[in-house]
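What follows is a pair of complexes built around chain A, which joins chain B in one and chain C in the other.
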Partner chain A sequence: MRPSNPPTSAATPSGPDSSPGSDNLLVVEGLQTYIGQFHILQGLSLAVPRGAVTVLLGRNGAGKTTTLKTITGLTPPKEGRVTFDGQDLTGQATYHIARHGIGYVPEDRGIFRELTVEENLLLAARAENRASYRRHLANCLDLFPDMQRFLRQKAGTLSGGQQQMVAISRGLMTDNKLLLIDEPSKGLAPIVIKAVMDALQKLKSQITILLVEQNFTMASTIGDYFYLIDDGHNITGGPMERLIADTELTRQYLGVGFA
Partner chain B sequence: MKVASTPRQTAILRDPRLLTLLGVLAGLILLWIYLNTAITFPTFVRFFINGLVESSVLFLMASGLSLIFGLMDVVNFAHGAIFTWGGFAFIWAFNLFTTTAAEAKDKTSPLAWMQMGLGPLPATALALLVGLAVGALLGAIIEILAIRRLYGRPVFQILLTLGLVLVLDESMRLVFSLNSPSYDLQSSPWPSGNFRLGPDISVNWKSVAIVVTGLVVFIGVFWLLNRSKVGLVIRGGVEDNQMVQALGYNVKRYFFGVFALGSALAALGGVAFTITSNGGSQGMGQLNLLTAFVVVVIGGLGSFSGAAVGALLVGMITPFIGYHFSTIADSFVMILLVLVLLVRPQGLFGGKKY
Partner chain C sequence: MTNLNVTENASEQTFDLNPAARQRLEAARQTTLRQRGPFGFSRAGLVIAFAALVLFVLPLMGLPQTNARLISQVLVFVAFALSYDLLFGFTGIFSFGHALFFGVGAYSVALCSLNLGWPMWAGAVLGVVVCGLLGIFTGFVSLRVQGVFFAMVTLAMATTAFSLSGRLVDITKGDEGLSLIQAPDAPDGTTVYYLALALAVVAYFGLSRLINSPLGRVLVAVRENERRAEMVGYNVLRYKLVALAFSSVIAGLAGMVFAFRNGIVNPGLLSTDISLLPLLMVILGGAGTLYGAVLGAVVIECLNFILSSSEFVNNVKNWAVVGPILEHWLLLLGLIYVLIVLFLPFGVVGTWQQHRQRLLGLFKKS
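Our next item is the complex of A and B:
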């Protein structure tokens, strides 16, 4: 699509993985992903450190959602590698990748509207084991106590915030190691965004998270590390404090003025 | 984060399933009162039983169509051909199984071992398995070779399955070495004998068996869809198959299973049909397919219980209409379709899945 890429596209990911002694759960190298004729990811690389929240930032159309979809195998990459927990997942089927322990909370939540909330969670639990189901459900209800009230309700009748709780809970119904969350704040009222943010804060101790988020307040509050991408390749990355301090960068790529 | 609480009582009162059931019951009672003045009670019961048998055969066919067309949105015109194939495979196997080795014309045939001279009941049971296996196998082959690539592309599905109808129709003449379009059972698949309900009323055991089969299939598939994990994956997959994959399920395999199951049910319908009419003809599948499509649409696309109610509605009323107004009996199904769609364009249970 573009005549030439800026030199940054070829650069190795600068960020969490370059920090000494870091332990990366997910490493993505040089992804090239096409959707139809469009070249969406153009050499994207990133590393997600274990036990932290890594935020993927960039303006609309930068390739954030495609990055998550490429990791889950929904839009397989033409080139590049996805390594998860030491295993090469590149080119594997989506259901296989999921079974390695990657949960996915898509943009617009992707809940099953015709199923009840309980059925949504039961489906996500995969195993027939009742005890494990109860344990995971208890954990989710601990995180979202409100959910108890609409467990039996059809998921399609829920509000956006309630659906988001269900979508995140679905990712927690198995012993997933990594949760990919795509814009959890999208289309939600500010007070609901606050609730989702609180839940993600609590989640940080349980699971590694790769978060796509446009809401800068949310991203900067929850995130430990960040990656800034544009036109399908890396611009920069590093500890979140660096991004917060760099007002020039946030203004240029995120349209956020801080001063 | 307030939850909009659903008022449960009113929801049940507004449940279209319950209302329809009440409506059907009321209609039947009115019909009975009317007909009671015209026909005797034993005649009424006979019609009623005939209606149940017809409904069951129709339901067996429509149930498969409800899964494939209603739930998975695959327009499958070959469903009728699979119905005929299932019925013919049953006849073929039944005729072989009931032939004794002494009667066999060609003793060197590789199928000679099948000529066991079985009685009608064991031969029916075995031949039924053959019919089901042929249906499931045909469905499996069609899914793997063709439908798998065509999910969500209805125009291609129509073109392809219409072509398949021609292939399957012609090839069955070859496979079953038919000289004419009809194919008969060489003996009755069921021992004669009746089940007495009263002094003037007796019911053929064959009819009882077919109605029970329909009931068992309904309960079985309903349970599979609504109460089992497999059903959950299928219902989820129909709604958002990418998300189900992202949850770790191989959705393709489940869809394949549904298609094979739906095809086996079509074959079962074919078997039931050949048993009721002591044989079959090549056109029986396509003839019943039209009615089955109507049944699925009347019941509401995607609703399995809707297909059952639709089959009952069409199957029960047709014999009575045929008795009183024989001239419009054939067009009655279409009149019913128009009436239902006028009142509920989405079908009786449409919009409400499963």
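Our next item is the complex of A and C:
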């Protein structure tokens, strides 16, 4: 049973300030994405402000993951535009988009199981960035001190939480400007979620983050801005405080009785 | 691409390090230093190097010609299987037409020397270039499709080359084949023997160097998951083409040495039988290890030689029950393949790696 949508205009982003003058790192306008015959994104628009954490919220199947995949070019949009740091990335190859400075931490972590953790990080650094490898590695070990213990271990043998550390670190091995993180808390024990949350808190000062998260506690603690999406378009958006205050909205779209 | 040797890199930007971070990096360096044997060889590398040394000395101590011929054939197929392992075992490209490069390498030497009057080495250089380009071309045509579909396209290309070599009688003399009159060989076959040895050794150490380079790491990542490799910023198609080019050049060289050894080049070199051989060798030995490919090639070529030799067939003919089966050695070989796929799905080397601890434990107890 779907609640009746509040009146929204799908084409105009209604989130954090998306007026032309504001400093948005990523602007997505009117995305229409199909997967096979299914029309997943139906005019989704959003703006990700530089230096902040923007959280995408919505129920299962709302199109959150597809939004990230569309931004990274894995599922190219049929219509719409993706502008990153002033450059139009729409329709570019995934590896090209990655090289523009967008790191992606997919839901399944996407690590290379048969490579060691260190090899995963080297791979993510890419040979042309070898001069900065140690700086980035030091940064990642600072975020996840535990990782040092299993640097030589095959990534496939790690626990879910450890894999998540590797996956996030991989996005930090280059001078990426934006990190897309898909459900980092999924399938993790509460204590591990806490560790990931702490790491993301620390990360906020380094990099702009677009986070998909179902765990409302995590989303509301880390997020500065939010977008609520449903049926492939954005319902509403704004500063996180507004969402926390609006119990009606959270109950209707997220199924959480918060506060 | 230069070697990116992890944490011990001298050239690097200066950056602020707090003492804790410095300590952690140092600890990481300790845990990640590569463990290498003497002269920087890995353990498998040492074994191979030793074997190569023995093979190098053998002819000096008087090796019977038949044995020299057998060994050169084995070495040719070692190189061929290694080239296939780069594709199948490391990059995850499943080709069904690797004979294309083997045969084209052989034919380019033969055609250049017979029809154009070129010296052997010139034909060989041209063959290398042709094979490399052909590999890249094959990739461009067919790498947009994956898995079995790619295998089918490569099969089609190899089959096309096979029938062309049989039909273009004016150029290739059809099934009769081209004989390499001026094949570079001393009467006792040692030139070809050393050529084959050099090829196998260069192929092994060249490829193991490649696999351990950043490029090799990307290839393994591509094998594991292409989309993930794209997400990290790698142009997967380009890396596959590079792998294909390297692989086809080595396969072409193997074909050339094989042609020298046989003194004849015929369409059989382009047949599906030849395409299947490296696949079987790599599966038998264990894919993605290099020494698995070496092992597979040695075992299969030796089995082939023993089971098909007249001594073996004559001996076995009169045995009760098993005699008639053993006489048909291809049947026996087929049976061995089936057993291996059933019981050692990761090949001899792969199974060993998986159960090393347990197997070693068994030995200790007994």
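The definition used in the following text is that the second predicted complex is superposed on the first by the 240 of 259 C-alpha atoms of A that agree within 3 Å, B and C clash if a C-alpha of one lies under 4 Å from a C-alpha of the other, contacts with A are read in each partner's own complex, and residues count from 1 in each chain.
By our rule, a contact is a pair of C-beta atoms (placed from the backbone, for glycine too) under 8 Å apart; a residue touches a chain by one contact, two chains touch by 3 or more.
These figures come from a predicted structure and were not determined experimentally.
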item: Chain C versus chain B on the shared chain A, clash or fit after superposition; value: clash
item: First, second, both or neither for A:G161, with chain B first and chain C second; value: first
item: Which superposed partner A:K78 touches (first chain B, second chain C, both, neither); value: neither
item: Touching partner for A:L137 - first (chain B), second (chain C), both, neither; value: second
item: Which superposed partner A:R50 touches (first chain B, second chain C, both, neither); value: neither
item: Touching partner for A:V192 - first (chain B), second (chain C), both, neither; value: first
item: Chain B versus chain C as contact partner of A:E118, first or second or both or neither; value: second
item: First, second, both or neither for A:K202, with chain B first and chain C second; value: neither
item: First (chain B), second (chain C), both or neither touched by A:L151; value: second
item: Chain B and chain C footprints on chain A, overlapping residues; value: 72, 74, 93-95, 98-99, 104, 106, 110, 112-115, 119, 122-124, 126, 170, 174
item: Sites on chain A touched by chain C in the complex; value: 72, 74, 93-95, 98-99, 104, 106, 110-115, 118-119, 122-127, 130-135, 137-139, 141-142, 145, 148, 151-152, 170, 174
item: Partner chain B, residues of chain A touching it in the complex; value: 72, 74, 93-95, 98-99, 104, 106, 110, 112-115, 119-120, 122-124, 126, 128, 146, 149-150, 153, 157-159, 161-162, 170, 174, 192, 195
item: Footprint of chain A on chain C - complex, ascending; value: 1-2, 4, 6-7, 9, 11-13, 15, 17, 20-22, 24-25, 27-28, 31-32, 214, 217-218, 220-221, 224-225, 227-236
item: Touch list for chain B against partner chain A, complex; value: 1-4, 6, 229, 232-233, 235-236, 239-240, 242-251, 353-354
